[in-house]
Amino acid sequence: MSATHTILNLPDQRTATLPKRTYINNEDGLLSWLFTGDHKRIAMLYLISITFFFFIGGAFAGLIRLELLTPQPDLVAADTYNKFFSMHGIVMIFLFLVPSVPATLGNFLIPIMIGTKDLAFPKINLLSWYLYWIGGLFTLAALVLGGVDTGWTFTTPLSTHYLNTHVVTAATGVFIIGFSSIFTGLNFIVTIHRMRAPGMTWFRMPLFCWSNYAASILMVLGTPVLAITLVLVGLERLVGIGVFDPTKGGDPLLFQHLFWFYSHPAVYIMILPGMGVISEVISTFSRKRVFGYTAVAFSSVAIALFGFFVWAHHMFIMGVSNYSALVFSLLTMLVAVPSAIKIFNWAFTLQKGSITFETPMLYAFGFLGLFTIGGMTGVFLGALGMDIHLTETYFIVAHFHFVMVGGMLMAFLAGVHFWWPKMTGRMYPESLSKLAAVTTFIGFNLTFLPQFILGYLGMPRRYHAYPQEFQVLNVLSTAGATVLGVGYMLPLLYLAWSLKYGAIAGNNPWQATGLEWQIQSPPLTENFIEIPIVDHEAYDYEWLEHKTAQEVTTVG
Amino acid sequence: MSEYHDPSNVVNPEHADHHIVTPVTYSIVFATLLVMTGVTVGAAYIDLGLMNPVIALAIASFKAVIVILFFMHVKYQSKLVKLTVISGFFTFLVLTTMTLTDYISRAWGLW
Amino acid sequence: MDNVTVATHPHTHETAVAAEHQHVALPQHRHHFETEEQQREAGTFGMWLFLLTEIMFFGGLFFAYLLYRNWYNPAFVVSSNQLSIPLGAANTAILIASGFFMALGVWAAEVRKKGLLLLFLVLTTVFGLAFLGIKAVEYHEKWEKHHIPGASFDVSQFINPQAYGLKEKPLAPDMAQKTQVFFFLYFAMTGMHAFHMIIGIVLLFWLMWRANRGEFSSGYVAPIENFGLYWHFVDIVWIFLFPLLYLINRHPV
Amino acid sequence: MHISPVLWQFLVKWLNASALFPREASTMAPYADALYFFLLLITVVGLTLVGALIFGFSIRYRKEKHPVAIQVEGSTLLEATWTIIPLALFLIVFVWGALLYFRIYNPPTNSMNIYVVGKQWMWKAEHPGGQHEINALHVPIGRNVQLTMISQDVFHSFSIPDFRVKREVIPGRYSTVWFNATTPGTYHIFCTQYCGTNHSVMIGEVTALSPDDYEKWTAQSTSGMSLAQNGERLFASMGCNACHSGSAAARGPNLAGVYGSKLQLTSGAQVLVNDAYLRDAILNPSQHLTAGYAPIMPTYQGQISEDGLIDLVEYIKSMQSNYRVQQTLTTSESNQAAPTTPEVVKP
């Protein structure tokens, strides 16, 4: 009976075994992991690292919500609260969101998806992970030494002249993490250009590769601008001369321009790989190729390209020239279109499919709904006049959490659940994971929908204490955050459990078409025994059926 | 013929054969660079008004282009590498022009 | 072709192509690249992508310079006149020469001449060090003139040039303060450039050591080639820094 | 930590205050809300559409009902539809938003001007008539009020949600915003740009008063010296009148009537003399040199506080009769005893 409800296709658990030789047991010992060049092992190292930082960032989020339970500034002192949200932002953005999908799933899957043995530069890939940790340690050092309270935006002149916290330490951390991200992106671009398997043309690549490719371009071209900006902030603090200091002839808005030149594309660095995950998941669980493959692929590239032209919409009220604001607002409206295209293409992928509702699909549905809201509220903020009232309030907090958490984190969890059997060879408990997906969705909405209302009512962001009339909505939000916290703890627990006790997954539990599903799980260190020749497009379920049928006849 | 296995990317439009640039070419480029350096220094001492920075930057760009083309072998590289080089300068141009839209038009109106 | 399954590819084309090119497997060939050609091109492409990040890294500084030059043009003109054109021009020539020898070094590696390669690498290093030496002399001069931004920065030379034997027109006091912006950008840009040179020279010593062991004498030239790209990029930055900082609006002499 | 009183009491309070939308207390609010509702409408329609598609397809094409998927490549017509319709909607939003933006950031002429200085962590409002307020602002209803704002230290942002106006308060540069309050009452002023430790304490209240009450308030709360009078003292004590004496032989240009005029600069540019120009000309004189004068004026960067600059600007504005923004507050004629040393001069 259940066979009709699901496409889950596990081998007979009584006889199933994990493959003898996999990338996990190929070499033993901690050092074999710490000095590995294997993209899959590095991906796992990244997965563990970003999970660690995710829960640190999450703890700060929890503390923030706890403080905001009451209007009075009663839980912690004002500067402590400021350190909380600064650390929450820095950790979540630079140590979790930016590397989340690319450095874990992308690292693991891109070489396999395009049919090669490894990324182009394995050593640089490992270096990128070490840089990530060095940067992470700097950030943690800033935290342990007494924190930093600039907010994640390092706004001058506040960060350069008015704070006595560990700004330079944190900025150094972010600077180093930036290079980690550059190297990941560089590796992806070279790999995708140079190392595709024979027959793997650009338009046969899975959309996951396209979206990671687009994000990589942004990483390579955007991140160095952040680096130089942080260098200048550091110099201004240490040497004390003002490129950004109005009293010495500098322009603080120049900092904003340079900072957002990276940090707006960074938003797309965060969301694009998530969109790639959603394409894979929705296609697999509706047994259907992605509706309008080319449109989805090109919309990723379009987002990456336009992403460089819209940064000043973060500065509409900050004193940019109004003419310039017009231009940036118009371009912002244009960049919203490719996202809309994607949403509808995903929705129509379901049409005439044969849909099942496994955990990754539930997360993907969550993504669609939440990202639609997140994207649409982005249009609110892109509209010049509306932005005046909404910016710097909880509306904007809710907006980017809908995109980043409702979008990216949902996509990340969808991806982790989707590829978990491939990465570990084990299945997680399906009913528990469905529960987690639903819990996350409910908790998320409860947390962040009230914040839209709060924002329109005018509650400013980064407030330690607030007027009493905002309390009810804040209590709702905190309650939601509790549910959300449970929703995020659950996967940690059952995924860890499944490492040992999960059912053995077999090569292709979802009956998916990607190259990664045609090899053993967990894969060999060299991925493929022989480099495959690709003779079909991505998401070709007829090809898969044909192949399966043939295997059955030859084997059976 | 997409199934054709092409490990060296020989039929790939993104491929270019390895070309060895001769010392003769390098020497010509080197001499040109030195001459252009002399010219740009000389031009700096002549008052040409607005043309001074234009000439200086034009010469610098010319020098940069021949360094990129010959010393850095881009002339003999694949389209992909050429495109990469161009995209780098293009992005810098985006940064400059889009930011300048703000700075230039700030003076236009009161607000 | 439809029934060719993914896992059973016979590799006929690859062997054919490999035979055609007659590649000898080098020890530097990494397992995950199918051919050395692929590895070499990947390396070059990766290096270029890295240079893109460098373009954007310096790009931020160049933009800051462009902006403030327009805002505080008189201050920028007189302070740039404080820089020494002979030293700057000499440095340009030296750096171009260094780049020239680097290019010859790549050629020497390509034609597998170990002795020549070493010679050219040494020359590249020597000229690179000469550049840094002259830069140090210039920095020292700025130190003596109190033109290093910070507490001891002194604008009196710009307010009262006659007292210092300069023929320039004095700057208004508020504009004179802005010369500090020029010198900050000067030190930030040339300092960042010099920092890249220092990294380059460290790498050069490493390459010399490897070249001496004969690692690049058998057709494996990727490290030399890619380092060459980096070194030339550093040249290019200077090619733009020199006119921007030293030359533009040089008159009155 | 305690959850203060019973939750439902707050529920009542919240619903009483404003449940989902802030009060509309300025002429701007309806315009902003109209766009907001339009955007909400698009969002709800879009969300319903996406939801309907997902749920509809999920039910119709679930595996039990539809065991074999039918492969579809795509549809150019459909894709063109969902490219063009969102694009058109977004462009409408863009135009509408731009119109609103210009409405909010283009102060009408003849609005009464109030200066606001932001500093860590308080708002100082300075009325031309000499009323000084901290974390409070009294305005009359039914009049266009323009705020000329500047920050002494970091970025702040002046926000009155019930008026739907907000503008960044920037160090080193005047920024302006304007509103016309419609309903008497008190409304929140927030600093919305994170500005350091006590960011959340940087709040205040704007009190909109009926014209009569406003008259009363101005009379009661004057400090005795109008800003222009303070400025006059400062002008004298800093020695400005040595050069700007107004005589033909003076080393500095005559300032009377300069405000609001078009000035020919040495650089060849022509500028409109406004508050921002006057402020810049005091701090960076050589870049704002009137044609025909030598660059001999010293810089006053770091020597005058922002309040002092406001006083000077007000004074220069008052030195003539042709300026647009006439401040005819009765209190500005007040001529009571004044401090002997100008408080705002910093050595």
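All chains are identified by letter, namely A, B, C and D, in their written order; residue positions are counted from 1 within each chain.
Here, a residue touches a chain if its C-beta (ideal position, glycine included) is under 8 Å from a C-beta of that chain, and two chains touch if they have at least 3 such contacts.
This one's a predicted model, so the numbers in the text were calculated from it and none came from an experiment.
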Going by CA means, which chain is nearest the middle of everything shown? A
Return the chain pair with more inter-chain C-beta contacts, choosing between C-D and A-C. A-C
Could you work out how far the Cα centre of subunit B sits from that of subunit D, in whole Å? 45
What whole-Å value do you get for the distance between subunit C and subunit D if each is reduced to the mean of its CA atoms? 46
Any idea how many Å lie between the Cα centroids of subunit A and subunit B? 35
Considering subunit D alone, which of its residues make contact with at least two other chains? 105, 301
Among the residues of subunit C, which ones contact at least 2 other chains? 1, 4, 9, 11, 13, 34, 38, 41, 45, 49, 52, 55-56, 59-60, 63, 67, 72, 177
Of all the residues in subunit A, which ones touch at least 2 other chains? 193-194, 198, 221, 225, 253-254, 322, 533-535
So in the complex, the part of subunit B that touches subunit A is made up of which residues? 2-7, 9, 14, 80, 87-88, 91, 94-95, 98-99, 101-106, 108-109, 111
Please give the residue numbers of subunit C that touch subunit D in the complex, ascending. 72, 74, 171-175, 177
With touch defined as at the start, can you tell me which subunit A residues reach subunit B in the complex? 193-194, 198-199, 201, 204, 221, 225, 253-254, 257, 261, 308-309, 311-312, 320-324, 327-328, 533-535
Subunit B-facing residues of subunit C, complex: 1, 4, 9, 11-14, 17-18, 21, 34-35, 37-38, 40-41, 44-45, 48-49, 51-52, 55-56, 59-60, 62-63, 66-67, 85, 89, 92-93, 96-97, 99-100, 102-104, 106-107, 110-111, 225, 228-229, 232-233, 235-236, 239-240, 242-244, 246-251, 253
Which part of subunit D faces subunit C closely enough to touch in the complex? 283-287, 289, 295-299, 301
